[in-house]
Amino acid sequence: MFEAIAFYLFAFLTIVMFYITVTTSQALYALTALAAGMIFISAFFFILGADFLGAVQIVVYSGAVMALYAFGMMFFDTTREVKEKQGNKYIVVGLSALSAILVVAIFAAPMVSENITAIYPVVDGIGNTQAVGMVLFTKYLVPFEVAAIMLLVAMIAGIVLAGKKMDRSLTTMEEDEIKTLREKNIKVHS
Amino acid sequence: MVEHILSILIFFPALAAVLGFVVHKDSVRSYGVAVATIEFMLSMWLWLVFDPTLSGMQFVEQIALVPTFGINYIVGVDGISLFIVILAAFFTMLGIASLGETKNIKNMIITLLFLQMTMVGVFLALDAIVFYVFWELSLVPMLYLIGAWGGPLRIYASVKFFLYTFTGSLVMLVGMLFMAYLYHRTTGNWSFSILEWYRLQLPFEYQIWLFLAFFVGFAIKVPMFPFHTWLPYAHGQAPTIGSVILAAILLKMGTYAFIRFSLPLFPDASVYFMYPIAVLAIIMIIYTAMVAYAQKDIKQVVAYSSVSHMGVIVLGTFALNVEGITGSIFLMIAHGVVSGALFLLVGVIYDRRHTKLMSEFGGLASVMPRYATIFGIMMMASVGLPLTINFVGEFMSLLGFYKQSHILTLLAGVAIIVGAIYMLTAYKKMFFGVVTKDENRNLPDVNKTELLALIPLAIVTVWLGVYPKVLLEPISTSVKPLVEFMHEKAITAEAKARISTMAVKVDNTKIPTGEAH
Amino acid sequence: MLSPINVSIGSLNLITLAPMILPIVGALFILIIDMFKSGLDKSMFVMLSLLVLGIDFALLIESAGMFRANGTIMGVFDVMLVDGLAILSQFIIVIASMLFIPLALSQKRFHEFSYPEFFALFLFMIAGFQFMVATDNLILIFVGLETASLALYTLIAMHNRDKSFEAAVKYFTMGALAAGFYSFGSMVFYALTGSIEINQIATVLAGNNYADIGFVLVGVVFLLASFGFKLSMVPFHTWTPDVYEGSSAALAGYMSIVPKIAAFVVAMRLFEFLIHSGVVWLEAVLYILVIVTMTMANIWALVQTDVKRMLAYSSISHAGFVMAAILIGTTQSNSALFLYWVLFSFTNLGAFSMLWISRQKNLLPGQSSDHTFEKFAGLVKISPVAASIMALFMLSLAGIPPFSLFWGKLYMIGSAVSAGYTVLALAMALNSAIAGYYYIKLIVYMFMKDPVVGYRGDVSSINATMSLRVIIGIATVGTIFVFLALNPLLEFITSFVYNSGY
Amino acid sequence: MMQIGLNHYLVLSTILFSIGLIGVMRRKNLLMLFFATEILLNSVNISFAAISHYYGDLTGQMFAFFVIAIAASEVAVGLGLLIVWHKKHNNIDLDFMSTMRG
Amino acid sequence: MELFLYTALFSPLVGSLFAALFGASPKTKIAGIIPSALLGLSFISSSILLVSILSGNGAVHVEMMTWMSAGNLYIPFGFVVDQVSVTMMMVVTLVSTVVHVYAIGYMDHDKGFNRFFSYLSAFVFSMMILVMSDNFAGLFIGWEGVGLCSWLLIGFWYHKESATWAANEAFIMNRIADLGMLIGIFLVYWNTGTLQYEQAFAAMPSLENDVLTWMGVFLFIGAMGKSAQFPLHTWLADAMEGPTPVSALIHAATMVTAGVYLVVRAHPLYHLIPNIGIFIASLGAFVALFAASMALVNRDMKRVIAYSTLSQLGYMFVAAGLGAYWVALFHLMAHAFFKALLFLGAGNVMHAMHDELDPFKMGGLNKAMKGTFIMMTIASVALAGIYPLAGFFSKDLILEVAFVENHYIIYTVLLFTAGLTAFYSFRLVALIFHGEERYKLFGIHPHEAYKFMLIAMSPLLFLAVIAGSFKMTYFEMVTQVLPASEYHVHSSLTFWIMTIGTQLFVAAAILFAYKKYTRRDIKVPDGTSKMENSFAYKLLINQYYIPFAYQEYVVKPYREVSSLFWTHVDQKIVDATVDGIAHTFYKIGEETRDMQSGNLSIMLKWMVAGTVALLSLAVVFGLSVKYATEIKLFLSGLGV
């Protein structure tokens, strides 16, 4: 009972929040609603017993991602109302509604798959975090490391792209321009 | 060396072409002539060492290429292909020798030598994929020849030529792959060897579809009505040498392929489709002859006449008896010689006047008598006068097909009437009457270089018209087992009856000995 | 209580990781070098990357030997799956990368190559693709895919001009949507089977005899959309021409090969078991997708005015062509896929390299994009060799024998015919004919038109250096003479594909 | 209805996913478009967690974990791209981003 | 004997090639003399062969070499000199020798002198092949060869539009007939297995009647073309555009009789199908009358003679059709002599009159051209069939044949035609040689031809007079091969009545012609006289409007249909379809490339749309699988 109430409550809240995120014309509202939605989602994780995931959700999204977005908003100066030319609204709404209805139509049906054997079962009496850790550092060690590489790539990408060196494009400069830059002792990579 | 002569024949021009890049452009013409002459000598040597009494493939070479998928480099020659190969070498030689002032002559000669490789390759290949390789590859030099040295519409013409034939041959490729698949299903091995395919006795349904797939490729190449419209453009726009080789050799690929693939692989389908194809061939003959009559450009006349004659060749092929097939092969050679010569002749006048409109001429017989004479000989050959090369082929093709259908042969025979109509009219417009245009008054007659190409052709035209036996004998030696083979392989009763190896059931058909006096 | 797990190092089969670790190590090495001494010349990084890739190649040969001896190897808690497909695709990835990387040594200076990070990212990307193909775990596929993609977005943007940013943003945004689709699709399969390993999924689905076919199809749809994006299937292809146009020609050529082979391998793993289990719907949909992709991409390529965009559409069409292999799903067709892609990579990389050596920095007056057809007009008169080589690549792409792609097409259409897909085979063949037109169009421009007045004569090789020429030379030789090496290649591929159970 | 089963979560997830799709399709401001892609990934995470819960299997949580990591990385790269674009053009509206077409 | 055979056959070829050597160089007498001499040689060889055959030696049959062979087809270059062919050889070589010599003078001033002899000798060679061949294919070689030479010679003065037009007309008309001939040959081959006369004819009696009928019909179609039988007759009159010696040789004596020769040669075949024979005879009779009627009013000297030739060919076909092959051949021979003579005489007149052809513009030439006058008169008498000249024997015989075979209609027609023949022949003679010297009005000074030309003509004159006396010798000779049916009117009274009646009738016609056309007041007709405006005259002068009809209803439609085929069918349908397919693809590309608008939002929408589309397909499929049984039930309820 409690579960049901919680589910419906949070479902309602997330839907509303995300709906605001995608419809509002105020970037700030959108950001705030997104952050709220993320936190409400973490509530589901807690309901479902995935405590670790809930924590990560809050830390990563509300912490890291939102901070980045907030920074971006300031940088892009989109705190004002955002004007967007809208094309045909019906296409957007129609496609989305259709996709929702179609998937829901199938998902509403119960799944036959009852004889699923859990490969990494949730063991009672062990904290979720521990269990996750066990799996993550055995079975999912390689993906984990690759994810690390991915984050490294993202970091390098962010640094490179936002870096100062991108301000001056060697691609569009003629060779003699580059030469003059060199002579002026402005550092240009070869 | 003699056992590798076929490979030498195929790859010598290509090698020479590659080396030709180094040759200085002032000397490249002589280089080309020399190479083509050597190639021609080699082909003559092939004729010399060819054993005309054997019906099978000779000088077969086989090198594994992709054995996993059954693709091997197999070449061989028999009476059916021998003379077309010689013709190809002959025409390349004459073509290069008669080249006049041409821009970028080096590129042209190299292109021609490459083209020669592909032509010879097509006729010698005994592996479907090798055949296909050369078949497709021949499009490229031709595309360049038309597109780079052609007339005002050259790009349209060359692209049309390329895409049209390319499309057709891709359908054919699917057919080949299906054939290989059937072979695989039957024997468990992959093979694209034509000779091994021959051994497959296919169910009727398969034959029909495969026949159609191959037919699309061949028919466009021939070109059969209604797939012929690329040809007038290609001929109309191509430089002289391009038209000559296109008409003399490249078109023969289609009809040759009918004999090499369609007939022995699908005897029942060949019989099944005999009438539709014959009807198409007759439309080709009459309809294009009429279109030729309506032309204003002499080259277009010759181009459409090519289509018309190819109709007779197709008809002869589908006579499905020794007389008809032998005749159609002979007519391939004949048409090659004659239409090649006609295109050369058109080129002669085009070089002088830079126009091909017949209305621009008139009365040339008095200005250029020698030209008019040679043109006249070739025209008469084209019309199919006895004792010229064309007659033998046409006669035997029609004779052969008469066995299959009287009324259709009668219709096809209209060829000799309509052919005469457009040719004589064109000749009259160009050569007869009084000279009306001042530009024509002082046109120089054919010069030595041109005679160098034309005289041998005229000689061949008459020689083979009078004494076709040298060709007919080896050809029919190879055709006879082919027909017998088809007869044996055929599964339907109708096909068995249609493809008969016996000519007539009359007892007293002894060959006269000639000592009757 | 949770009991500690004892894992013996030997059972992990760490060797399976080696080919992926190596580029990562190389990348880190490059970053470290840059940390110590900045301002090193790009040629050093090029050679370093080449070395790393070379060793990687050697490692691959090693794993190929192992595969021959022992068959498929699972490693590191069965996450890694080194089967024939993985090895073959890694070969293609590494070889194509080796062919790509020297292209950085261009005559002109372009922005991205001035970064050591470019090479690091490049190697990370390779590792990402390698992970993607060498596993059947949906998580690792996802992570590998994203690693590679994120690196790739950056590489595109680093070209540093308006069009490349635009391209990167478009690619990125659509990639993000595709990532969403992928995760949704994986979720459905997980919901159905409780597993995220393709083998396991297949077993479970077969076990309950596809009782929840509706669910399966929803999952397939989302995965199909996601891989449709990667493989640029119509209508998920819209990014392709823009991204190719926006990135440098060399990178565009690379993109037309490597990401796609990786995606193909995953698609093979994902979709073929479904087709084999008789999911008629997937067969029908793939049929439609293949035909539509081939045909429409060809038709759009017809009307292009820029060679690079034309090649972009042609790549889409080729991908559609190859997608047919997955639809057919026989050993022959899967081998054909790899054969085709090997041959395609030589030719297509060669063609893009030819564009690369003709890349000038700024547009000439009257030129609307980098590689307009007019730029190549009359090339045979200016540089006959360049024109001939370019023509060769075009002919090969068009499928004119005996150049490389013809053999690919031959084997592919052959596999379609053998599997009874005759109509498909015909459609494939006829599409080659349509494609003939636009390839010929470039040849027409090069060989049959006169140069545009005012264009500089050296424009065709303005960006050429020795290393570029060498790469083009290799591609040329490969394109012409590949038929000599075809048999061993085919045998090699077939045995690997067959022994992987595909 | 009151018994919350897996299907409830799946349906919720789908609805959220559709909302994300709406955002992806209607947003012209790239930053806000990226918000929508976050929604897509998050909606799927709910399902993963739910399935994981109902099957008693940790794999779903693993997947969700990696999805979060991926989402975070994407944000970094996406923002980097937006920054360079913004520096040159002073806007992040995708309608201004159509120099290549055809 | 073989040597003589080859000499007879090949010396014209050598002559032709010899003259051809000088083809491009200016006129040399030698180019005329040597071919003439070689023809003389050929004539001598033929004579020797004739003598040999007359003396009872069998036919000479040689096989030179193989021409075509493939499968069961075997065609050699074989030649046979038997009684029939030796007759033809004699006619051909004799007339052509005469014509050659004559032409040396006639073509004296022509630029194309050398060329002319080359063509002329080539013609003789072809004709020799035609008559000497021992098989149908060889016959066809000659058949086409004479066609070619005829084309060359009619169009000899190629600068004249009318000449080249006539040449082409002749060639094409002949080609139409040749097709029939070809089909006939095919029929022979596929039914008898050979093309050799001997074997083929031997096999024929065992064949079905239908097959034989078709064979006969098709071969006769070939003969109709060459011998200019209705409806393929129009070319012959137009062929008079060629030089006159050509008309004499080709269009009177030799080539046009090839059709008759074919029928005679194929007599074993036609013997088996008498119905076709009747048809041939009827057509012959019709043509005889038809042509003669056109000759009545024509105002072109050569055309009149040409129509008379046509008319005489009709006679020959009557004979051949009725089975009197030897009679046909006999008339052929006799006709060759006097008709060639007539033409050559006409040539002299033309020369004298500076190529004027209208006899109304001549008159009274007998003073200026005595020799020619005599010769032409005698030739005309012979043509009219007055005793004892050649025409009497041969033509009367044909009348008798018709009578004896009980074909009275044919007989009547022929008899009437004989009268007409006499009338138009002497109309011509009268107009040319008698009456007032109207030519003076045109300022022409006629002169007699070279002596040697007249001398050259004299053998013909001689033969025209005496040929009839060879009748019995000839009969004995040819009937060794041909059916030896003698035609005697049973009652001698009837015979005499017929003969004398005919003679009187003919004589009356001659007198009438003389009376009418030697009057003083003959004017050059100017289209105003009453007669010229009468319907009959118009019909005849316009050749029954047949050339007009051909022009209007055959040539013109052909041209128009050809143009239509080209501009509309070929370009607008066939080619347009091909281009249309290509264009459609291109058009689709142009129209749909907007899909790639470059706008990211639209791209994303496409992606979602694609997914949704797949999804709907999936749902439809999924639901239909799930509710398969219900759907089936529902559908069966609907009665599907």
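Labels for the chains are A, B, C, D and E, by order of writing; each one numbers its residues from 1.
The definition used in the following text is that contacts are C-beta pairs under 8 Å (C-beta built on N, C-alpha and C of every residue); 3 or more make two chains touch, one makes a residue touch a chain.
Keep in mind that what you see is a predicted model, and the values were worked out from it rather than measured.
Minimum number of contact steps separating subunit A from subunit B: 2. Compared with subunit C, the chain whose C-alpha mean position is the greatest distance off is E. On a Cα centroid basis, the chain most remote from subunit D in this structure is E. Counting C-beta pairs in contact, the pair that comes out ahead of the other among C-E and C-D is C-D. Nearest to the global CA centroid, when each chain is reduced to the mean of its CA atoms, is chain B. Annotation: 27 Å between the Cα-based centres of subunit A and subunit C. Averaging C-alpha coordinates per chain places the centre of subunit B 34 Å away from that of subunit E. If you average the Cα atoms of subunit D and of subunit E, the two centres end up 94 Å apart. Work out the mean CA point of subunit A and of subunit D, and you get 6 Å between them. Across the assembly, subunit C contributes 139, 143, 146, 150, 153-154, 157, 160, 169-170, 173, 177, 191, 194-195, 214, 217-218, 241-242, 303, 437 as residues in contact with two or more other chains.
Residue positions of subunit D touching 2 or more other chains: 6, 10, 17, 20-21, 24-28, 34, 55, 57, 59, 62, 66, 69-70, 73-74, 77, 80-82, 84, 94-95, 97-102. Residues of subunit A found to touch two or more other chains are 91-92, 95-96, 99, 102-103, 106-107, 109, 111, 116, 118-119, 131, 139-140, 143, 147, 150, 153-154, 157, 159-161, 166. Chain pairs that touch one another: A-C, A-D, A-E, B-C, B-E, C-D, C-E, D-E.
Against subunit C, the residues of subunit A that register as touching in their complex are 102-103, 106-107, 109, 111-113, 115-119, 123, 125-126, 130-131, 134, 138-143, 146-147, 149-150, 152-154, 156-157, 159-161, 165-166, 169-175, 178, 187-190. Per the touch definition, subunit A reaches subunit D in the complex via residues 1, 3-4, 7, 11, 14-15, 18-19, 21-23, 27, 30-31, 34, 37-38, 41, 44-45, 48-50, 52-53, 56-57, 60-61, 64-65, 68-69, 71-73, 75-76, 78, 82, 84-86, 89, 91-93, 95-97, 99-100, 103-104, 107-111, 116, 118-122, 128, 131-132, 135-136, 139-140, 143, 147, 150-151, 153-155, 157-162, 166-167. For subunit D in complex with subunit C, the touching residues are 6, 10, 13, 17, 20, 24, 30, 33-34, 37, 40-41, 44, 47-48, 51, 55, 57, 59-60, 62-63, 66-67, 69-70, 73-74, 77-78, 80-82, 84-85, 88-89, 94, 97-102. Interface residues of subunit C facing subunit D in the complex, by the touch rule stated above, are 138-139, 142-143, 146, 150, 153-154, 157, 160, 162-163, 165-170, 172-173, 176-177, 179-180, 183-184, 186-187, 190-191, 194-196, 241-242, 245-246, 303-305, 309. On the side of subunit C, the complex with subunit A involves touching residues 1-2, 5, 7, 17, 24, 31, 39, 41-42, 76-80, 108-112, 114-115, 117, 120-121, 124-125, 127-128, 131, 135, 137, 139-140, 143-144, 146-147, 150-151, 153-154, 157-161, 164, 191-195, 200, 204, 208, 211-212, 214-215, 217-218, 361-362.
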